Each structure stands twice: as C-alpha cells, then as structure tokens.
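Below, each structure is written out as structure tokens.
Shared chain: chain A. Partners: chain B in the first complex, chain C in the second.
And then the complex of A and B:
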C-alpha cells in the first residue's frame, strides 16, 4: 500500500521533471540580447533612377549616446549615430542586404521616423509600405514623413546639435505640431487606415532641410491614388487640419485695424459633410467651431466692449475660413485628390448615391462648390484688455 | 540532531523499543516500598548522571522514619526545597502530632509542605519523569507512593526585545526560552479564564513541554481539535525547536510557502489569539507558532494597527510592491533585454543597451551571478559572529558595486536591480526564502520564454497558492474565496474603530477538507468583538 503510494508520487515527480525539461528543448529561440542588435532610430526609403529601392537606416550607438549625454569624452569620440543605405529589389531584400555592411541584426521596433523620398513618393508608396504593415517588428506608431527637395539619406547623414540622435529630434518637431498645427502628424497606423478607407487619397507630413544642421517639418504632401500629387504650404495644411478635426492648438493672426491680433486656438471641432439637392450632390460642407484666446495684440486698438470682441470673432472665423477654402480648393483643382475624405463620408451616409458616383468620384469632387462655416468664439483676452498706451 | 530516521519496518521493531525507554522492564511497576530499594532503583536509572543527587534523611522521634530526597542538581531551587519542603517535613515528623489514620505522605501533602505544586507518583515512570523535568522527589519509607514537588529554579535569559521582529510602536517584550515565562507574558495581556493553555509533552527522549494556547469561544473548536490530533500524531525522539513541530503539523509539507506562522512578540501573539488563531508554545524556543497562517499575514505587521489606517494602508501596498518586485524584477529585466525590445521606451532602450555594452555574459548569467553573490553575502551575514560584520559589509559593497561594473562583469543597471531586489526582499521577512527560490525560477522562465514564461509561472504559483489550506482555512483568504467582510484587514487597513468583526474565515471553516461556505454564513458567524 505504502509502496504503491510512493511509486505514484515518484511517477508524478518524474512527469513534472520531464515537463520542465521540455522547456529547455525550446533553446531560447528568438532570444536576442540588446547588445546583439542594431537599434534603428530612423528608416528612409527612396527609389534609384533604375527603379531599385534604397533603404537607409539610422543606427544608434548606445555607448556613444551615453557619453555625449554625460558630457565626457574627447575629440576622437565615436559618433552617436551612423547612417547606412543599401539598394535592393524589394524593401525586405534591402533590409537583409544591409546586413552585408552592418554587423548586427536590425531592430526596427525602436524606429522613430520613416522618411520617404520624393522620387519614391511620386512612383507610389503603397507597395513599399506593405512590408512595414506585414512585418511584426514595426511600431505602428512610427511617424511617416515625405522628404521635400531632399533625400532620406541626406537627412539621416545630417548632424544636429539639438539631440544626439537626429531621428529623435525630427520626431520631436513632428510631435510639437500640437501647438502649431502646421504639419500633419502621420502615424503608420493612421496612414494604413486612410489608405484603405479613403480610396488611396491621403496626405503625409513633409520634411525639408533648413540649413546644415536643421530640418523643418511643415506642410503636407498630397497623394492621389497612392502617388505624390503635390505639396501644401503651412497655411493650407492648417486649413486641412482644421477640417479634419486635428488641430489641438494653433496661432491665427487676425488683422485688426492697423495691426494684428494673434489668436490662440484653445479648442477646435471640425466636421465635414455634403449637401444634396434634388438627389444630386450639390456642395461640400466643412463646419468648424473654434474657441480662441487673445494671445497678442500688435498695434493699437481697444478690446473692451463686447462689440469689439464680436468683431474679432468674425475676423478670426474669416481667417480660418480662408485657410480651409484654400486647402479644399487646392486639392480639388490642382491635385484632384480627396484627402479630406468627402468620398468616404458619402459612401458611409449616402451609399446609394455612392454606388453610381464611385467610378468618377474625383471628377465630381473637383467640380463641387465648397461651403465653409466657421463659428469662432473668443473666450479670454488675457490679463490686459487693451494694449498699453 | 537526534531525530528518529525512518527505517524499513523490519529493523524498526528491533531497535525502537530500547531506544526510548530507559527502564524497559519495570516502568509501570509501583514505587518500591523501602528506602533502600528506591535508592538502588534510582541509582541504577541515574547511573553516570553526575548532577543527580539523592539524600537519605533519618528523622522522626527516634530517627526511625527514613526519607529520600532526590533531584537533579542545578535544576531545582535548593533554598525553596529546603525551606518550604524539607524543613516543614522534618519539623512535622519530629513532632508527635501525627494522624494515625492517614499515611504520612498524604499528611505531608495535605498540611505540611508549603509548596503548592505537589503531585503523587504511583510508579517509577512518573517519579523519574518528575525528576528529569526539574522536580524534587520525596519518598517516605514504607509508603506506596512518592511525592513529586515542583521546585524548579527559574532559568534562562530575561525577557528582551526580540531581534528578529522589530517594530516601532508596541510592546518591546519578546518571548524567551522558558515556557512558563512565555505563557505568563500572554496571560498578562489577556486576563481572561477563557485563555486556555493545554500542556502536553513531545519527544520520547527530550520530553519537551508543548502548550496549545487559544481563547475558548473565539477560536474554532474544530481547528483546535485538529491541532491536538496532529500534535498527538507526532512520534519523534526530540523536539529541540518549535520548527520541528511546525514541519510535522504543516498542511502542505512540500510547499515552499509557510502554512504555520511564528512570532516572538507578545503583543502580536495576543492579537492573533484574539482573532481566533491558535498558538503553540514549545519549551526551549522563543518562537511561538500561530495557526492557521494565511498568505495575507506575511504582509501584516503589528505596527499597522497602532498607527493611522491610511499610513498602514500605504505601507501594506509598499510591502506588496516589494514582494512583487523582489520576485519579478530580475526576471522582467532579463525578459525585456532578451526578448521584448519593442516594449522598452526608446530612450530607456539606449540606456539599457549602453549599460550592457561590453558585458561578456548574457543577462541571465549576469543576473544569476549577481544574485548568488548577494545571497552568499546575506547568508554569511546571518551566520557570522557580529564583530566580523563590518569587514563583510565592506567586501560586499565592493563586490556588489562599482568593482563588478568596472571589471566588466555586470552592468550598472544589474547592480541597481539586484540591490533593489535585495532591499525589497527584506521588507517581507516571513517570505524571504520563498522569494529567493521563486526569483531564480522566474529568472529561468524569463530566460527561456520571456514574458510568456513569467506569466505561466505566475499562473502556476497562484494556482498553487489558491489550492493551499492551512488547517482547513483557504490560504489565500480573504481573496480566494472572496470574503468581503475580511477585506478590511488585507491590502487596505480600515481604521481600528471600524474593524469591529473578527476574521470570519477562521470561524466558519471546517477543519479538514471543508469547502468554502456561503457568504451569509460568514456574516452570521463573524461575531462582534466589542461585546
């Protein structure tokens, strides 16, 4: 009796041991130490003249970053980052090919920005983005930018004194659009959504070089059918972002008398819709409601009366309306790209109409009149009401 | 250690009987009737016992009555023996006022001996047991029984603050080795005849006094019965420490988690008793066992109840964090740097990578090396004589610090992690050893499978914890089963004036194999403390 009990117990222990040993058979697969990978900070994609893909990566040298941060080290210091590129038939080909010049395997999960070259953008970006969407290694919150008048390689080879890692610096400039609203913050995940839901009409923030050590992220690149159609400047971009309800905070200059009043947008609500007339689409509508504070009054004038504030509100609304109209009309007339997503709005709310208009939607879209309604409210004028005289 | 080793049955029958019975043939025989016989018997039994003293006194009117006094030297208080026992006897016997109808020993017992603690020994076994436990034996020629008189001299160190359990507020008194002192300390705090102390002896060779202590009416009778049953089943030669009893009566003998608690602090024990727990005192051990012992008790401390409830609650959460950190932190670190680079924030990733640059070992090996170094130091620190402590701490600071980083053996961050782990493990003293072993397992799991491994391990450990019982009470109570009334003293401590009911879980559970009962019963059974 006792014997059998003991035997049963040893059996159990044996089985447990065997199960534990099973774990060791896996051999720690997919384990990679942090020191065995190249930490990629930025990825660049461009196309050569003969149609190959150029992959550029900006790789961080952690130890060098640390020593820059702590301020030690002499003149013969290692650079905190290096950029390397490789040409391949496909993106994946280039990703593996680049290992012939860099020793450690690339880790893309840490990449901050993905910069697309102008030439590649003109040829269409959907096919190259497929790799980034398909592969599990990528952070879907990576910022995407299109390089204007420059190449990704140039940007990544640029040395900046603002941050040891240029990609982080670029990331920061895109991120702070929350307080200026002049560049579209495009994450990979948002881009995927826009590409699939918006009939391949979308806009991506743009980046340009500004001198030897600086970049500038302002404006957007407008895409039609996945191909670069043109650019919008910062005011048009802001109009676009107002309509898309993406403005968090921005400064609008409102002419007032002989000077200008800088209004700080505190909250903004943007909505697009369309208008039907006798079963036919008659207009595109953009409704925006903003709340703003007086941030600065450059010039002479008085702000004490409700009337003056009312005037200010009207002027502010007019300014914003101008920007939005500019943006919509540019996409309609010049680029013929529905980046605002009026098409998907129609598809969602007027599916019957969409069915017949679907085929030549862009033609219909570019002909429609635009109605922009801006309801602006001035909330606070600050500590002083009128400028000091 | 003189514990009986389990041997195959055949040999057991041959060796066991003479091993623990010092008088194999006549243990149950009555005490011989003449002084000479008694003396020879005792000399035989206590041969080669240099501390054994027996003295024959002739007294009475014509020096006709012979009495024998036998005791162990140093064990009894000779002054009390002489003043309160022998002198009255001699005075009494030399006077003629003897009652003929009663035996001398009965008369002595009734009206002569001053000492209160007096028993009659009917056979040799009882007589010898009395002598070895520090009592004096008095035998009067011609009587059938001998008298055993308790004149034990107080021994052991004075009551001091225990070194193992430090608290900021509350009583400084700690238990000592002497059982009677300990029970007195408890009596001092709970002045109530319902405080029951059931004495028994364990250990065939050592005959150690063991005492079950509980408050009748508060403690669960079924659990008390179960404790008695388990104690009676203990069949060993020696009980040198209460820890031996603990191992015998624990529910899950193979589990690493303690199911029996212990304490050296009087006020803590009193609190446990008042909650309905049962204590086991063991002579010669300053630690007192408390049971049932639940998981939540490992993060409870007496200070929690003496201070503002908010502080106590915050500190409970700190302890819980410490518990989790010290088990999981090295594992999480290894999983992060070996597998899950994507979840590390970018800046931290660079810092981590920079600190790991040039380390020849994998993070796992690095962690194991550092933790083993720390555990060695801890163990050495515990065992080592105090004067050498300083040199150890200097060496330790060098090994577990800048030197190992400078030598390129460990990264800066690993040193920080091991230090945090070490500090955290001291926050929850009852679980230090469990945490240590778990930490290694977590590390291994993290190295094999990353977070997946850690999560599998956590699930297994929690399943084990939830399955465990301490004397029939679910180990993870009040969380599993969820007893909302008992949550008042778990991670959250409610103010003491709001803590009006005793832990219900201790009352209503059946002692063995009981299933969790319905919540209504818990409410019914948890009686009000302030009655």
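And then the complex of A and C:
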C-alpha cells in the first residue's frame, strides 16, 4: 500500500519534470521570425576612391512581392524591393553599419547574386571575399558577377518588369547560360577553389546594363593575381568554356556557301594538357570533342549526302578551334593570366618541372604555342534535311 | 554488476563509433595536405598494431580491467599510482572531446548559444546513459552507430557531381616529413585513445574473437577515413581542406539545393556520445576500483561535472584547442597509449611463459 503510494508520487514528479522539459521545446535560442528580418536578394560590393568598401543590398518585401505577383496592385503600391548601400572599412563593418538606415537585421542566406563593382575588381577582390567564406549565414552557391561599365548600386536600383525581384531575374539569366554558353556561371565555392594556390588565375562572369530595365550577362572578367586584368567577349568566353568542359548546350554558326548553318552543340567534352619536349614544356594543348545537330540552315544548299555532313563537321571544328585559340591567346598575350589552369595541370602531373617553373610561370605560360584539337561530330539534321529550294 | 555483458557486434559498433567520434568533425591528418591519405594509411597501419596490443593485453589477462592488470604487474602501490594517472588521462580525454563537440556546435549550428549550455545538456544525457550500465550503452551503440556510415554515404553520394577526382595530385609535393608527422598524430588520435577500452573488454561475452574484432574495426575505420578524405579533397580542393575549421561540415554545406548540415550534427552527437560515454564509464570504473567503492554509478555525476568544467576552462580559444590537439596531445599521450601498455604486454607475456613452463 505504502509502496504503491510512493510509486505514484515518483510518477507525479517524473511527469512534472517532463512538463518542465517542454519549456525547452519552444524554439531555438537565436530564432528570427520572417517579420523581424530583411530578406536579402542581392549583394553588391564596390570600393570608394579612398579605399572604403561600399556594400549594397537589395532587400525584398515579401508582402509587396505577393501583391505584385497576383496583379492586384494599385498605383499607391509598395515597391517589392529596395536597395540600400553603406560604406565601411571592412565588409562586416558595412553589413552591420547598414542597419543604421535599414530597420531589420539582414538575412543573407537567401541572397541570389553577389555583384562586384569594377573599381573593386581592379583593386583586387581576394581579401573582401573572406567574410562571405567565414560567415556561416552565406550560401556557398551564390552566383558572382562583375559589373562592367556600371556599379552594383545602379543594377540593384533598376526596376525591371520581368520579375518582381531583380536579383532573381539576374540569377535566371546566369542560370540559362546552359543553353547558350556565353557567360561563366561562377558560384562562390568554385571561385574559392580557383582562387587558392598561386598557379591558378580566375575568371568571373560579367554583367552590363542593357537599357533602362534590363541587364545583360555576357562575357567574363579575367583576373590576374586577384585583380581585374580585362574582359572577354561572348565568343572568347565560349571558347574558354569549351576548353574548361563547362559547355552544356550552345549554338555555333558555321559558314555554308553564301549562308550560315547554326549548329546546336548537344554534348561537349573539353580537356587541357601540356606537351613536353626534351624535359622542357613545349606547348599547351586543348582537346575538345563535341557532338552537334543541325539546328538551322539559313541559305540555299543541300544536306543529303554523308559528305555534306562531313564537311560541316570540319567547318564546325574549325569555328570552335578559332574561338578557343582566340581565348587562349588573349589570356596569354593581353592579360597574361592563366585562367585555363594549365599551371594547375603542370603542378598535378609534372610536379618536378613545376618546382622550378613555379616562380615565373606566367612568363613561361604567355610564351608557349597553343595546339587546339577539336573533334566535331554532326549527328542529326532535325525534322527536315534540306532547306527550301 | 559483474554479470553485465556485451556481445561481439556491440563491441564492434561501439569501437567503430569511438574511432569515428572525433574524425566526423575534424578531418584527421590534414597537416599532410594532399598526401593526408598516405598519412591515414601509414598511421592506420600503426593504429591497427596498437589496437592489437590492447586486445592482446586483454586476452592475456582475461576478466581483468586495466586497473587490475596494472596492480598485478607493477605491484599494488605503483599500480595504483599509475591507475590514478590513467584516471586523469581518461578525464582529460573526455573534456577534450566535450570541448571539440562544443566548439563545433557553437561555430556551425548555434553560434549564439553559450558553450556551457551545449556541453552541459549533452553531459546530462550521457550521465544517464552511463548510469544505465554497460549493457544499455552496448545496445544504444547497436541502435545508433550504423547511422554514421549511412549519413556519410548520403552526403558523399549527393556530392558526386561536384567531384574533381584529380585534386589529390601531385603526390608527395612536400616530401615525406609532413606525412610522417601527420601519421603519428593519427595513431594517437583516434587509435591510441582506444586504450580506454581496456576497462571494457572484460565485459565481452566471448573473448576468443576479441583480437579479430578489434583489428577488423580498426581496418574498417582506416578505410572509411581514406574514403572520407578523398571525398573532402575532391569536393573542396586541397587548399580549402587545410583552411577549413570543420571540414565535413563545410562539405555538407555544398550539397546543391539541400541543407543537410544537421546530418553532420547527428553524426557528431552519436560519435561524440559514444566516445564520451565510454571515457566517463572507464574513468568512473577506474576510480571505483582504486578507491574500493562498490558502485561506479555514485561517481559518474561528479566526474562528468568535473569534465564539463575542465573542458570549458582548459583552452582560451578555438585555435589553441586545434594547436594543442595537433602538437601537444600526441606526445602527451605516448606514455599512456604506447609505453605503459607495451610494458604491460611484455610483463604479461613473460608471466604467461613462466606459467606454461611451470605446468
């Protein structure tokens, strides 16, 4: 009897304890509700003339986005995004300083793009990126772009009618490079990997303004030792991406008679290597193999014999070879920057040679001849064979 | 209390969880950069030998704990003194693992939570586990440790598209020296730490397979270590592997479109939990034997509290912790992990021979 009573009492104590534990389940220690944060969609970094960092953020107003999306908007409607900037000695200083003009704490996990201003790029970007790597709030898959002939603030202030949130629109244009191959999709993590080690220089996709309400993401910015060395246009960029095995799909125009044939690249495999002759580096090699289909025949001609396709293959290979050669030679002669990672290749596969060549690698690199081998295959012609006669 | 038994498979899982406890957050042997896999293989070979020594010691002295063996081989007084040193070593090890764990959670998951809350709450659970006895610990290991390889598998497979399989080249760019240093520290952390299992081996229900289990476990954990290293380096590249604070956590951040960070936390909770509970158990048992206290359960609370306080107090900051774990710990551990066990093994072999010649 007594025993049962005691047992009952201990049960009660146990239940009371369990109820107390419930208090711990109410939420996280440093929880932040949606209404208490500023949702950042895009980040911009630039530098003032006296060397300070300008941080620009594009912040989303969720409620306003919804009313824009549903089309109910009246004239007195709130804008779905706003842009704000702040100057600071360091990036983090500016991140916190910006709170003196914006009320809610920034949430950076949702940021889609990081745009770097031209001046900052010229001064070197390696040191400003440390904050984005070190802070645990950032998405390592954020897209990085360099603004050409414009500033991050200008881009973020732009009002576009394509998407309620401009950063999402920019993100989308970078993402669709899969079907055109004219801008390099640069994620933060890729950039960190490319930046590490002194043998590799890097390239970042570029963004320009195209009219009042549009941007254009085309071409890349080439960096040498972390500083902007120059730009490459969309054809050179495509050549670069072919060599780096980053092309998923692209359209190459091949001259045919007095017209042009647009070839659609279906698959592409790119590989770089080097050639040695008597223990000395003698040439840089790029090997590319592509499979393509005929996408469009603009002009008059016939595509009925196998021979016509063989010729097309040759011409296609020649076009791609030209683009790649153009890209490599430009980086060698004009920018002196090894964005292809030939140095990294030498370090991996010829470590002994690398040890003595490492010091003046860029000088060696820029003098070497380039051999580009393109093996192009034209496979199919589409729904019709020949164009209208 | 003496009747408590664990099965072979439970020992296998517990030992694997123990060996993986710290390596799930700290990538081992990373001082050797791209050649860490060589260091893991070399250190692993040493580690297998070392764990074999412990297993041999346990089979030569069946149904005896470390304290019993020490007293028998070195005499009552000297044995007790060395036992006290071992108790200190176990407590220190516990506090180190707790601090590792706390630093990780405070860096990666809960940056604003004070570390004492993180470590304290974890310690309360572990005291409960240890007080439930070795059988419960064994079954808990059986339940939880298989999660570790599953999680590692999930993370590795989700990253298969971002791999650069040539990232570990070139081989031996900086010569053999960093490899050997890293291999040495890999022997002591985690393999040498399995010396605490000398307090547990006597609970095994079939001791005839002990050596085999221990060696198989050690080999499996070396293979896992090498695989994890190749995953890390091919995802992050050699430079980032050496710069990252917690490599597996950073790797898990890179999975496209998914946030699986908590999976690494789960691994850590399991691995760290196994490691800390074994250490606390060993320390409490050792104290109870040395001080002739009949039940070790009276001591676990006090020992754990001491460990929690020690873990918060022993380092000023995070870098000091890494530095200590890499540069001091391996050397500090030499007597406990290598010299004393080897001496005991020699003495056991001699007395074993004497016995066989006498009969």
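The definition used in the following text is that the second predicted complex is superposed on the first by the 359 of 389 C-alpha atoms of A that agree within 3 Å, B and C clash if a C-alpha of one lies under 4 Å from a C-alpha of the other, contacts with A are read in each partner's own complex, and residues count from 1 in each chain.
Going forward, contacts are C-beta pairs under 8 Å (C-beta built on N, C-alpha and C of every residue); 3 or more make two chains touch, one makes a residue touch a chain.
Note that the structure is predicted; figures quoted are calculated from it, not measured.
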Chain B and chain C placed together on chain A: clash or fit? fit
Q.
Quick check on the superposed pair: does A:31 touch chain B, chain C, both, or neither? Answer first, second, both or neither.
A. first
Which holds for A:95: it touches chain B only (first), chain C only (second), both, or neither? neither
Check: Thinking of the overlay built on chain A, is A:348 touched by chain B (first), by chain C (second), by both, or by neither?
Finding: second
**Asked** So, does A:62 touch the first partner chain B, the second partner chain C, both, or neither?
**Response** first
### Task
Identify the partner contact of A:112: answer first if only chain B is touched, second if only chain C is, both if each is, neither if none is.
first
**Message:** Touch test for A:281: chain B only (first), chain C only (second), both, or neither?
**Reply:** neither
Notebook entry, point to check: Now for A:153: first (chain B), second (chain C), both, or neither, which partner does it touch?
Noted result: neither
In degrees, rounded to a multiple of 10, the angle chain B-chain A-chain C between CA centres equals 50
Note to self: If we overlay the two complexes on their shared chain A, which of chain B and chain C does A:247 touch? Say first, second, both or neither.
What the structure shows: neither
Partner touching more residues of chain A, chain B vs chain C, is chain B
Shortest Cα gap between chain B and chain C in the overlay, whole Å, is 5
Residue overlap on chain A between the chain B interface and the chain C interface 28, 30
Seen from chain A, its contact residues with chain C in the complex are 28-30, 136, 140-141, 189, 192-193, 196-197, 347-349, 351, 354
In their shared complex, chain A is touched by residues of chain C numbered 107-108, 110-113, 117, 166, 169-171, 173, 236-240, 243, 253-254, 256
Chain A residues touching chain B in their complex are 23-24, 26, 28, 30-35, 37, 39, 41, 60, 62-63, 65-66, 107, 109-110, 112, 137, 139, 165, 168
Contacts from chain B onto chain A in the complex sit at residues 337-339, 341-342, 344, 346, 349-359, 362-363, 445, 447-450, 453
